[in-house]
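Working notes for the structure below.
Letters A, B and C mark the chains in the order given here, with residues in each chain numbered from 1 onward.
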């Protein structure tokens, strides 16, 4: 059919390290014509409307806001306009405060080590590091971690919240079993959990009397 | 003998919830005369000396500091003066940092339940609640728990640190025996363990194959 | 020699100890502020489109605070501490009224009432601690100049329910935002001043 493009929908905005952020949209039908998309935004308390600073870095149908264009504790009012020869259509406004869309990358360098201290209970010692992009050193971003583990053939994960630590001593493990361990992280207040880190395996020896 | 009173000793200061605190002292001999006691305190970096705000609430030889008089930004320098007709004597100074004297009340509502999930290991499921005073403000006073159990006629307690969880699954129990269980708690950083909760008993059935 | 509480030198709290307590408190205050906002929004905000109206209505927006990591790292720590103090002081008055006015909201749940009282109390406590920290760190006298007046009491007492509920919504929205700023800046300052930016 020959018509203006359908209005697009802004589907997600995410900041991986609380310094930059990206928004993605889903185009509607293009009305049978080549259609182009313009992302426009204004910031809380300002009349000025700006255009997306970078349509390319994060791939098609996306807009990347680098550090210079990213402010916290202020609400962005974002819309995407689809335009073709027959006319244009604008998405519903999407309100974003970058403080609340931080989803970090998974933790890295996960290590598992069996420890058998003299005349004390043996345990599994886990350590990990924050995702490289996240600047936790300066205190700008504070991450919390949660680990999960289950016997290899088991069904149910056991999940343990460990706060801001990057290490954990695991005592209650069944000797002779093989376990899978994963860790994920989240900013200390707002934002969402990262994906789980890749699976790590550890075989608990049969004499690992707990 | 007719003499000034011996100098008293400040024996303990405790805060149950990091909001108020109490100090207790032990009088020395009263030198054969009616003796009265005055608790005086100053705050680090201040010349001003104050007297105990409340000698009654926590019973004899005690001083109770309510919320208004409790600051957790300063170290208190506390002394107790004993005075009778013949003269007076002052205790050694006792320095108090409220964060370090937090000793919560024991956990409450301890429940024990035998669980026999289909085709999975049976276990003893323990749950408890934080002490009422500390319960309301979980973020302000973060508690950690430790449980201990032993067969009724056994000698040695087995102690298990469970972190901030308020429930625990106990797998390794001997069928047919009767166990005693108690739980206590402590602030996550400084401060000391509460008393143990009252004893709870559980009879493990003989068919409770673990 | 009298024994000082563990960790303290000549029986005085170290700056690190003061910052640890301030950060734990600011974290807790923001946790409460987020909860009270969500609870209020869930109960009174649904379908009223408050989010679009709550734009730049915070009484503290006159205080120019850092809006990203670079600005926060470039500002001198004494100025950032002064700003934190200013924002905290600016909330003394509204929190006092919030705690009393919230009780007049129809069927306001206890959890909202209790949190309003708790936030007011803990905010005062954090202010006491920040004045002590600033006293330790500040070379000069701590001025009372950084402060932003709140004139929102009438709006919390408006007859029209929708307007009155929006006034509460906006105040709680600003409280959530400002308490998060304070928490973030204190974590930054603690890493910078105590851990040499190597937390």
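We adopt the following convention: a contact is a pair of C-beta atoms (placed from the backbone, for glycine too) under 8 Å apart; a residue touches a chain by one contact, two chains touch by 3 or more.
The chain lineup, named per UniProt: C = PRL protein.
The structure displayed is predicted, hence computed values, not measured ones.
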- Judged by C-alpha centres, the chain sitting nearest the middle of the protein is C
- Item | Superposition rotation for subunit A onto subunit B, Cα-based, multiple of 5° | 160
- Query: Taking each chain's centre as the mean position of its Cα atoms, how many Å separate subunit B from subunit C (PRL protein)?
  - Reply: 31
- Computed distance of Cα centres, subunit C (PRL protein) from subunit A, in Å: 27
- Averaging C-alpha coordinates per chain, one finds the centres of subunit A and subunit B separated by a number of Å equal to 42
- Task: List, in ascending order, every residue of subunit C (PRL protein) touching at least 2 other chains.
- Result: 27, 31
- Check each residue of subunit A and list the ones that touch at least two other chains. none
- Would you mind writing out the residues of subunit B in touch with subunit C (PRL protein) in their complex? 44-45, 67, 71-75, 77, 92-97, 99-100, 136-137, 139-140, 190
- Task: Quick one: which bits of subunit C (PRL protein) touch subunit B in the complex? Just the residue numbers, please.
- Result: 2-8, 11-13, 18, 21, 25, 27-28, 31-32, 114, 118, 121-122, 125, 128-129, 132
- Can you check the complex and tell me which residues of subunit C (PRL protein) touch subunit A? 27, 30-31, 34, 51-52, 55-56, 61, 65, 67-70, 72-73, 177, 180-181, 183-184, 187-192, 197-199
